[in-house]
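Next come the structures, one after another.
Both of the next two complexes hold subunit A, though its partner changes from subunit B to subunit C.
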Partner chain A sequence: MLKCSVGLLALSSLFLSGAAMAQDKIKVGVTATLEGTYTVLGEDGIRGHQTALNVLGKKIGDKELEFIIASTDATPDSAVRAVRKLIEQDKVQILLSPLSGDEGIAVKNFAKTHPELTFINAASGAQETTYVDPAPNFFRFNMDGAQWQVGLGKYAYDEKKYRKIATVGEDYSFIYTQVFGLALEFCGAGGQITNRQWVPLGTKDFASVIAALPDDVDAIYLGLGGADAVNFLNQYQQAGGKAHLMGGSIMIDQTILSSKGNAKNALIGTLAASGQADTWEDKGWQKFVKDYQDAFPPNKRFPSPSLLATNYYGSTMALILALRQVNGDLSDNQSKFKAALAKLEIDAPNGKIKLDGNRQAIGTNFVTEVVDDGKGALFSKVVKVIPNVNQTLGYDPAVFAKIGLPSRTVPECKKY
Partner chain B sequence: MTRFVERHPAWALIIIIAIVIVLWLVFSVWPPGLEEAIGRKRVFLNAVFNGITLGGLYFLVASGFTLIFGLMRNVNLAHGSLYLFGGYVGYAISASTGSWILAFIVAFILTALVGVLLQVLVFRRMEGQDLRQTMVTIGLSIVFADLMLWACGGDFYQIQTPSWLIGPVELPLLTAVKSSGEPVYLRYPLVRLVIFAASVIIGVAMWLALNRTRIGMIIRAGVDDRDILAATGVRIQLVFVLVFALGAGLAGIAGVVGGTFQSLSPGEDIRFLLASLVVVIVGGMGSIPGAALGALIIGLAEQLGSVYIPTYAIVVTFLIMVLVLALRPQGLLARR
Partner chain C sequence: MSVTHDARVQVHRPAATAPRPAVRGWPEFNNPAAWIVAIILLIMPAIANGFFLIEIFATTLILGTIALSLMFLAGYGGMVSLMQLTIAGFAAYMVAVFGTSDNANISLGWPWWLAVPMALALATAFGTLGGALAVRTEGIYTIMITLAIGAAFYYFTNQNWAIFNGHTGINNVATPHFWGVNWRWDIPFYYVVLAVAALCYFAVDYISRAPFGLALQGVRDNPRRMAALGFNVNAHRVAAYAIASFIAGLAGVLQVWNYRQISPGSVSVGACIDILIIAIVGGITRPIGPYIGALVFVLLRTFALDFLVKIGLDGNRFRLLIGLGFLAIVFWSSDGVIGLWQRWRASQRRETNRPGGGRGHG
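This part shows the complex of A and B:
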């Protein structure tokens, strides 16, 4: 870890942009959480973005794409600041942003103040971003946190026979959305969620949270990510924790499964659900994993791409394919480009993705279980694939609207 | 003690009652009504222990900070960087040699060296210019943070807990009695207890060194009046270097501790700088017992807050700081 791979990426994109000076350029701003709790997630997101550029190239007809990367720290104000800087100083025409849930809501609202530009969500997964008052120029080619939990509750209830669970999650929109998805299904099947604990993003000392975990539950669901997840696991191990675990989409992810130390071994056998599964046998997925692995030396990447890399790959792919369809034509407030995006259907590594009327992805979801590959590396093994997951999770839109927006206490644990 | 009781009988009574209540909460078996009202005793006891052990970590960071401030009237805002640097050094040593103890020793020595360099190259050139020192240390902390980001990346590191410290121990404190009459004792992570014990030992050793040894006498004299001390023939610059090295080294040790029971990543430097600022503001700038008391209060507030009022847990520490600044601006145990 002697050199920051992101720095290298930034440098190399500088070089490339230098070579392309003579041509017409399309400027794209990219944000990622390269600071704070979610640093590792942001870095891998950028790797996914870079992998897409390696595969698809940067040429749009006779124009060349130029990418400018800005850093955020998962807070909404940092995301708006970064996006504003990209637009006002770097004069970008298209944004690939942002990574995290709260950032997504803020950037979506900000997008409305720049209706002439196009925003493609990079990886954020709060439900509210595209469900409530969506911005017409904001497109999301990844599913939201609730869609990423589809299948988990039912599998836990039917196959694992869990009846009572408790949840621990970071206190912000994406994890609310994840617990929302879990609760709808698990409680709908007849399960009970006895306790929901929320911890601030960036919590370091989980000892009291761990002590407050109830004993009389079948499993504990963890909705944590990045440094928070690693801290939790480390302290969970020190406290001698033994409960069955279930995990959210950024908890059971290479960002955590390939962290240093042995605290992650507590996760072996953990049930989770996400927009991807590390060991899926699909050809497209396997090719993506190989492209990712070939793009970076082994010590500068994860053994297998994380959910963030996959999302950044997908959004970059959507951006390039739609631009090629209109041959880089961004005239008339980018109306042709926006229309192309809205109709676009991409063959993403994690399954086909198309957009609904709110410009929100409909895609494939995976229920997974964590396995040890025998050499000490952990991977998520697919146990169930669920195609065509939409934002209302298969509910009638009117019923779905009555449930309310994901929050600390919504949804109630009952059948809707 | 007796003078305090004579002068403030009402306060003394309140403090005694509070102590009795806390002792009762810790040692008794809670009646069911109480468990219903504020949750299980296990959670409460854990939060208290966590607060105390977290206070131990805060004390390690803040004691170096307050020591340096006490002698040199110099707010070293690069202290958090020293913490993170010590942590990274400790990680490198423990990952390559597998020895946790060695990590402490090397981290202490290397951060102490960085401290010496800081003192000799930076602070000596701007002695007595508080504002300049503050600005320069802020700048340095930003530079250090970027250098460490470049060297170690944004990844989070954890120092491996040695195998003999992993897992919980049973403490002789009742948390509940099962319906069969069998008592249930508190199980608590051993590593945190060991780290807390170590920070108590360091704290007591520092207090003894300051109050019972010749060098301690010189340092205390330096705190009171630097110029007269220099005039008596003491090589005050040497004392400065020594104190700076010790303070920085303590931050390095704290980095290893923090890397063991939490984790190391960019941003931790600022967090611990802020924590030690709050601790010394509450405890009283320049006072070692003050740092201990402040660290204990802040640690307990954070942990009890995160259990009983999770939404406002972050506010509690700052609320305490505001209260202390309003009622006793010099800090709880400041020297007069």
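This part shows the complex of A and C:
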């Protein structure tokens, strides 16, 4: 009898502890591009995520956050596979995913098949993700590629007096969105885009692209990222290219500016726009840079956090703050948590961020210029700060809808 | 045109089978291991949860079926085709294009029972055409032509927006619902995949013993002699491509239903080579090989990262672990896991027959 009750007690305590364990942990799945062309971007994204955990801690009331990281390679299939693994095998309740544009579109569509879970976009920036048929459980605390280009076209036209430009970009949704943002403003101001070249993601040989660059333009806009950008710059310099350059948000970024070799020096003086600027004076930004630098030894990080680190920091921050607001309550299909996220306003390192009705970030944008700090390290210096940039870029939603979705040829180069 | 091309196809000639009357029957029926595997596969949903059921076992069966089509060509026809995944991907794209998806401007919205036969017919035609190009070459040149077709298709899908929707691919592809069942639910889907894989497996096993399969193996071993005997060598090879394409196409349909989306990453050159790795690692001498290879591949791909992190190493190096795993298998057994198993069985037998007999020469 005694034996039996002891056994029962042991058994029940086992069950109880099991239940208690389940209560104590909130599982969060994270994906990053730890393979392929965007590997460096993914790695720095994870550093930003870690920095946020160092600063904010993993405790939500009496519960603890547990993070499980999965790797992707910037293709939509790899993202869906990784997210499915996290949900089905690791049983995560919340996702911090994904990093890259087309991954975002695929994960948003996938999110609809799991309406009970919550997806917080980690860093992806295609417009379509939150603009077309958004998923009610998908939240994006970073701006999209077009928002990140706000200010660039106007500044290039008014201050730099560029009139004609050509673009070279990777052939996928995020860069379309970036060129979309650039073209609306630059062409709206009266400029011309004479030539748009698109190269597949992961291109190694840019010889034909460089040969086809027109000579009669004031500047060339580069919408490349990761290994593609470094390859282009090396070959561009070998080919003796001398044109003025303009850059997209992942082109003029620490992932490229702190790459090895001399090729990056071609970027000094390049005009760019992004959701952050390395040398911004703001206190919150400076603190973030310091936290990032303190968290990792100098050879294991960039001199200053990249846009991806900032985005992962912001999304992790939103996750933790919203969870704290509801005290880790994920009952009723996480409805309280989702409501808290939708209303949340975060003081991200790169300015205040709040969400619109499509759960898309409204935030601050920066026009920058690349400078040498005198010791051989390159940074982006702020030349203009634009607050409150929304997804329709200040256009009336009806007018904006008429422009069409970003693609190789949309928008046309004209004033809308 | 050489003599080879003038010969007539005489697939059903009784003479083809006559010299080999003692062709093995259905050996698996007498093999208890095969029965155990079959029963485990049938009751799998009772053992495995959603993740293991779909992400591991269904994915293994799908990839295994694609690799089976390569095994059929390489093992029985002596033709290593790197475009089998491309054919599967083509079928997957066609399901998305003819069926229903989020990209309403591309998808035609046909019901699945029209879209799938259409996709299979087009994929078979595509593979047969590719095969017709490739059969004019041998060995390394076949590999190069089929790899070129695979690479061309990948870059085409990546840059074509009118049909393939470029790098974004086609999302939210509809899956079949009928008889009140959503066939993409984990358990029904698993059984669909299992049924298709079993069908393909037994079909290949049957064909390998049918007159056509025997003639194909004859073509593999000595095409000149087969031509002299009156077989149309190229026609046999093209027919083999057609069969393999149909099998790969079936797997492609399952693949698009599995992920509900298809994009160029799924048909990349790397993925084409993965199929070759799966077939080689499993062993291309018997139809079961590709499935074993696929299981090894899927397990390594899914768990290498977790495994490295668990033993306290840098998770970023997980590709290295995958590579080392494959290297080890191929190093110790040039005919894959099947070869390891067969050698182990042989050594067991040898040991019982001749106690004290030496091990293999290693």
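Couple of notes before you dig in:
Heads up, the rule we're going with is that the second predicted complex is superposed on the first by the 393 of 416 C-alpha atoms of A that agree within 3 Å, B and C clash if a C-alpha of one lies under 4 Å from a C-alpha of the other, contacts with A are read in each partner's own complex, and residues count from 1 in each chain.
Here is the rule we go by: contacts are C-beta pairs under 8 Å (C-beta built on N, C-alpha and C of every residue); 3 or more make two chains touch, one makes a residue touch a chain.
What you are looking at is a predicted structure, and each value in this text was computed from that prediction instead of being measured.
Partners subunit B and subunit C, brought together by superposition on subunit A, clash.
Applying the stated contact rule after C-alpha superposition, one finds that A:130 touches neither subunit B nor subunit C. Ranking subunit B and subunit C by residues of subunit A touched puts B first.
In the superposition on chain A, A:263 contacts subunit B only, with no contact to subunit C. Once the two complexes are laid over each other on the shared chain, residue contacts for A:106 go to subunit C alone; subunit B is not touched. Of the two partner chains, subunit B and subunit C are each touched by A:35.
Look at A:147: by the touch rule set out above, it reaches neither subunit B nor subunit C.
By the touch criterion stated above, A:50 is placed in contact with neither subunit B nor subunit C.
By the touch criterion defined above, A:167 reaches neither subunit B nor subunit C. Judged by the touch definition given at the top, the superposed model places A:212 against subunit B, while subunit C stays out of reach. Using the contact criterion defined above for the overlaid structures, shared-chain residue A:227 touches subunit B, although it does not reach subunit C. One listed stretch of subunit C collides with subunit B once both complexes sit on chain A; from 80-88, 116-124 or 134-142, that stretch is 134-142. Residue overlap on subunit A between its contacts with subunit B in one complex and with subunit C in the other: 34-35, 43, 73, 171, 198, 200. Every residue of subunit A that touches subunit B in the complex is listed here, in rising order: 1-7, 34-37, 39-40, 42-43, 73, 171, 197-200, 202-205, 207-212, 226-227, 230-231, 234-235, 237-240, 259-263.
Considering their complex, residues 39, 42-43, 46-47, 49-51, 53-54, 95, 149-158, 160-161, 166-168, 187-192, 261-263, 265-268, 271, 302-304, 306-307, 310-311, 313-314 of subunit B touch subunit A. Interface of subunit A with subunit C (complex): residues 34-35, 43, 69-71, 73, 75-78, 80-81, 84-85, 88-89, 102, 105-106, 109-110, 112-113, 128, 133, 171-173, 198, 200-201, 407-408. Residue ranges on subunit C touching subunit A, taken from their complex, read 49-52, 54-55, 102, 155, 158-159, 161, 166-169, 171-172, 259-266, 268, 302, 305, 315-316, 318-319.
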